[in-house]
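So that you can tell them apart, the chains are marked A, B, C and D in the order they are listed, and the count of residues begins at 1 in each.
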Amino acid sequence: MRVAVIGAAGYAGGELLRLLLSHPDVTDWVATSRSQAGKPVGDVHPQLRSLTDRRFEAVEPAEAARGRDVVFLALEHGESSKVAPALFAGGAGLVVDIAADFRVADEALYAKYYGAHTSPELLPRFRYGLADVEGIRLRGATAIAAPGCFATAAQLALYPLAGIPGLEPALFAVTGSSGAGVQPRPTTHHPARAHNLFAYSVMGHRHEAEVLSNWRRWTGRSDASARLMTHSGPFVRGIHLTLHANGAAGSRAAGELYRSAYAGRPFVRVLEQPPELTHVVGTNEAHIHAVASPDGSEIQVMVVIDNLVKGAGGQAVQAMNLALGIDERRGLVTGGIFPC
Amino acid sequence: MRVAVIGAAGYAGGELLRLLLSHPDVTDWVATSRSQAGKPVGDVHPQLRSLTDRRFEAVEPAEAARGRDVVFLALEHGESSKVAPALFAGGAGLVVDIAADFRVADEALYAKYYGAHTSPELLPRFRYGLADVEGIRLRGATAIAAPGCFATAAQLALYPLAGIPGLEPALFAVTGSSGAGVQPRPTTHHPARAHNLFAYSVMGHRHEAEVLSNWRRWTGRSDASARLMTHSGPFVRGIHLTLHANGAAGSRAAGELYRSAYAGRPFVRVLEQPPELTHVVGTNEAHIHAVASPDGSEIQVMVVIDNLVKGAGGQAVQAMNLALGIDERRGLVTGGIFPC
Amino acid sequence: MRVAVIGAAGYAGGELLRLLLSHPDVTDWVATSRSQAGKPVGDVHPQLRSLTDRRFEAVEPAEAARGRDVVFLALEHGESSKVAPALFAGGAGLVVDIAADFRVADEALYAKYYGAHTSPELLPRFRYGLADVEGIRLRGATAIAAPGCFATAAQLALYPLAGIPGLEPALFAVTGSSGAGVQPRPTTHHPARAHNLFAYSVMGHRHEAEVLSNWRRWTGRSDASARLMTHSGPFVRGIHLTLHANGAAGSRAAGELYRSAYAGRPFVRVLEQPPELTHVVGTNEAHIHAVASPDGSEIQVMVVIDNLVKGAGGQAVQAMNLALGIDERRGLVTGGIFPC
Amino acid sequence: MRVAVIGAAGYAGGELLRLLLSHPDVTDWVATSRSQAGKPVGDVHPQLRSLTDRRFEAVEPAEAARGRDVVFLALEHGESSKVAPALFAGGAGLVVDIAADFRVADEALYAKYYGAHTSPELLPRFRYGLADVEGIRLRGATAIAAPGCFATAAQLALYPLAGIPGLEPALFAVTGSSGAGVQPRPTTHHPARAHNLFAYSVMGHRHEAEVLSNWRRWTGRSDASARLMTHSGPFVRGIHLTLHANGAAGSRAAGELYRSAYAGRPFVRVLEQPPELTHVVGTNEAHIHAVASPDGSEIQVMVVIDNLVKGAGGQAVQAMNLALGIDERRGLVTGGIFPC
């Protein structure tokens, strides 16, 4: 399998390359970057130094994609829309976009969070790649929009609840600083971030768009709500999400609900105790714990993921595996790094 | 003013001493500790080295309290109940307890979270010392139960909402490791905690007892609920709390609600943007931001406090000031330490 | 006493303001900043919110300095030289510069590390303000160059060794990220810095200039060497420095050497065990431990300071106190913040 | 290849298992632990959850070792000596000990740091497994003492310098908290460690024994010295070491010295700039930078390693590979985790 990663100089791109370079079915790869063209991949992604001596290519996306079985887009939001047409025209077998461009099929909902879509005609082509929920339904897909990191955690918490009537969950999520990308900025300045915790994008984080889109589809309620409250925390990797909902009457077997929903899904682990963020660092796993209040009137669910693996590179590879009909675990079953 | 701090070897005790040693009205002090008796205070609390050369006394609480105007109890939960009777018998003018023993007047509610109370007859004597809400109503109190750290953050978020009918808020809180005290334990082992985030005491943190007690009193609804979801985060100082509630219809001026509720309260600062945890480290301040959703159907409130100051030692001193009728700011207006 | 702080928007400026605003002898103050002019001081330095509502002034340095007893310069390196002449012309009683411009009187040595000096004629006017070593010798000074943060730690380690012949110490120092200032940059990007440690300015950190200048003066050896090896560590505040030297033959009573050298110096604490960095955070103290090898052929010395207090704002205030002939402890004896 | 890991519940044991479970030549494995017997390996080492469902065995070492090609000892210091005889008697093909028991062949030197050796007769049987230096010389070894973590970093810095006459290097090293093991203790209590840095084992860290042993062997000077100064830093993984030595006259091509010494060694990377600790986390690599002062009279060398991989589990596997005559890179070339 020959793959290309377009725009591979960011943190998600680095994680994607880490997984692809060890993927047993990847026989050849190329990585492009406008900002880092010509530099050794290992200078930009030091964790890959022992895996490759290659450099970032300066070629255009369409050129890089030529003859590739799979093309990953790891560009800034809005850039994938510009690049995708040429890739399809060039005959790319499978395009996996890890930006936000094609995550929300509903143009109005998309516009509310992102502004008008520039290539709405491409939207129907993309499948939403929430791999642990979609599973083999992704088989045969030719274009996949990999979910956002917060959105992945949020939806893994929400999906099993869709059958309970009337829930309006609140989702409290905290992300590590790697979620902000490689460019230094005031909110990731070490002196200010090192021991800090603060909310941001209050009442309107963009990942709500894809979360609501699916939550409404799953529940069948077009006005179903689910509030995503995003916070920045003083760690580098991972997202911890806690969902709370009133009204889950009768549902005391919360854990069972989740075990059943994710039965057979290899990367979702439903635990008997609250999950710990560091336990998933470096892995493609989601750890979940769900519990109802003694009177059954409330439900609380905790989810942890590695934002760059399950929330980006790992999920993209898993979706690729599923789309191509190979074992979804290929290249993704590795031990994590703990303690770290 | 002559003060005693009983059981002053813990983190809250250290913070209490830091404030008392710089308090302009404190003319003499004594600190006792069973575990550290005879050791220089500065060996146990290195931050106090430049302030004092004294040692922890080994004397019994009643002995230490003799002739003191104010006695602070910084003992383990359950110990204050044993010690308090002798203090009152000895004529202590003001007792401020920073443990949980006297925070919940409702014996049944107390028992649900802590087990049967061992000195219920003393409960009526104690006033709940939520200083920023109670204010001058604390004047003349002779026994004060200082609120818990999570409970302080939670109640500062809840209080202004009491007049909105039917709210059932969810409170998502993250504490630093200093909240776990000075004894090393697996959850505060650096390799495991350094970049971790996890929930604990799920569906039953003890601070819910005092939170519910007041939330029900303020709302006048004896079955009003408010779920406190406590988490451990990878920082040392502070608590960040985010409250979410559905049903706050019409209340778009959320900030105004808080500014009005805390008008004139010197240590509560209502901000126009989300508060940052590190901005209150070392201070007795609470920073709050409140916002409603565009359609007015949801409210979100963020609160940050220093768990050892506003959540323990600082609030205890503020409550003392109020009880004694002196300016509540005495000894508490200091700059924080930032960045840190 | 009326003071002005020119260029007060940086971390050192913030710490300087924190101390001056609580200094019992400061009756009035003004702070200027080109970049933050017009903004409330508390918006830029959140730790000062409870201390002041004032804003940064936009006035020129000379204007800000008019009628002030003391003027602090907290500008970027190279800017003080441009500003100082006008201050002196305007009759400033005492100028304390916390930048590097006037730290090295030897023009050639200065030039080797910084390039040609732009105002060499002002150099003789400035006294090097290593407060814990200079002490009352600073009395009456009208212009003081406050030492660099690394240089302070280094010289406090070196000073007591000057009498031992032939030492060529190696100094290993690690600084927190606040030493890099308020501007985000790749080396202070949280994902890259959070758990990192790396050397920089290898074989040529600029603070070597002032360290060598004094080391040579103290030893009387014009070619005496002392290598400063600077590292960046994953914490915000403080500098930890370890000195090692071969050849300290006979000097087994290393601790005594330091206790004797710093006898009566209120901010230097010589400990019987290795000092801990966090114990000095927020304080103007230096904690030192010195030990010789069993055979007396080696000496090892550890020093910890808060880089923004003892290494910047605190030392500047201490030097001011000394220059003005008031108790050097005024405004500087506060408890630290621990744990933090 | 069938392997056993005795005492595999510690951090080094976990890292060893992570590598062995992915090692392409390991066909079967067993892990024992007295303290965790019967527990799933993934409950103790959460990073291994996706790799195995097995449990820790309660069997005695000799029993666990029966029929195994390689037996790793990951016991507390002093325990390997008790266990080893039975393993040899039982015919173990290769024993790799990651404790300190057999690292120092010189009984007197050993005794100075550890006390009298309890099984000196076994000492000659063990080879010191500094894999990057020994390389193919380890082929055929039947018992290997894997070096200590600090000692690995120190010796990789020292080895290329052995030919320069008269050097007496000072080595300043900082370790992460994982080096202290899984048992909570005051020095790894998060509130106290989170932003701290302090020296320990001053003038006598035990790893000096093995460092001196080899440094004297390499230099041929039986009294050659090299002082190891160990510090605890506020991070979890890794060791950063900086070596300084006066007297390296003429040796301006310091980098060349290291490139030459480690030519062809797959896990040692000599860089043109100071190495960063986080770049080796999760890998078996050592990154080194060496530079001489402009006048050639001093040399400074920086080394970074992951203390649990290169400093423990990874080096043990590499030594095993070398001893068995298979490619030393087998099972060890994986990407790291960055940022993390």
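As a convention for this text, a residue touches a chain if its C-beta (ideal position, glycine included) is under 8 Å from a C-beta of that chain, and two chains touch if they have at least 3 such contacts.
Given the structure is predicted, the values throughout are model-derived calculations rather than measurements.
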{"item": "Matching chain pair for A-D (criterion: over half of the contact pairs shared, by residue number), options C-D, B-C or A-C", "value": "B-C"}
{"item": "Chain pair with the higher count of C-beta pairs in contact (A-B, B-C)", "value": "A-B"}
{"item": "Centroid spacing, where centroids are CA-atom means, of subunit B and subunit D in whole angstrom", "value": "46"}
{"item": "Whole-Å gap separating subunit B and subunit C, where each centre is the average of the chain's CA atoms", "value": "37"}
{"item": "Separation of subunit A from subunit B, taking each centre as the mean of its C-alpha atoms, in whole Å", "value": "39"}
{"item": "Set of subunit D residues in contact with two or more other chains", "value": "11, 176, 178, 191, 194-195, 234-237, 276, 278, 281, 339-340"}
{"item": "Subunit B-facing residues of subunit C, complex", "value": "11, 14, 18, 21-22, 45-51, 178, 194-195, 236-237, 269, 276, 278-279, 281-283, 285, 333-340"}
{"item": "Subunit C to subunit A touching residues, read off their complex", "value": "11, 176-178, 180, 182-186, 188-191, 193-195, 234-236"}
{"item": "Touching residues on subunit B, where the partner in the complex is subunit A", "value": "168, 170, 172, 174, 176, 191-192, 194-200, 202-203, 225, 227, 229, 231, 233-238, 240, 242, 244, 246, 274-278, 281, 289, 291-294, 297-298, 300, 302, 304, 339-340"}
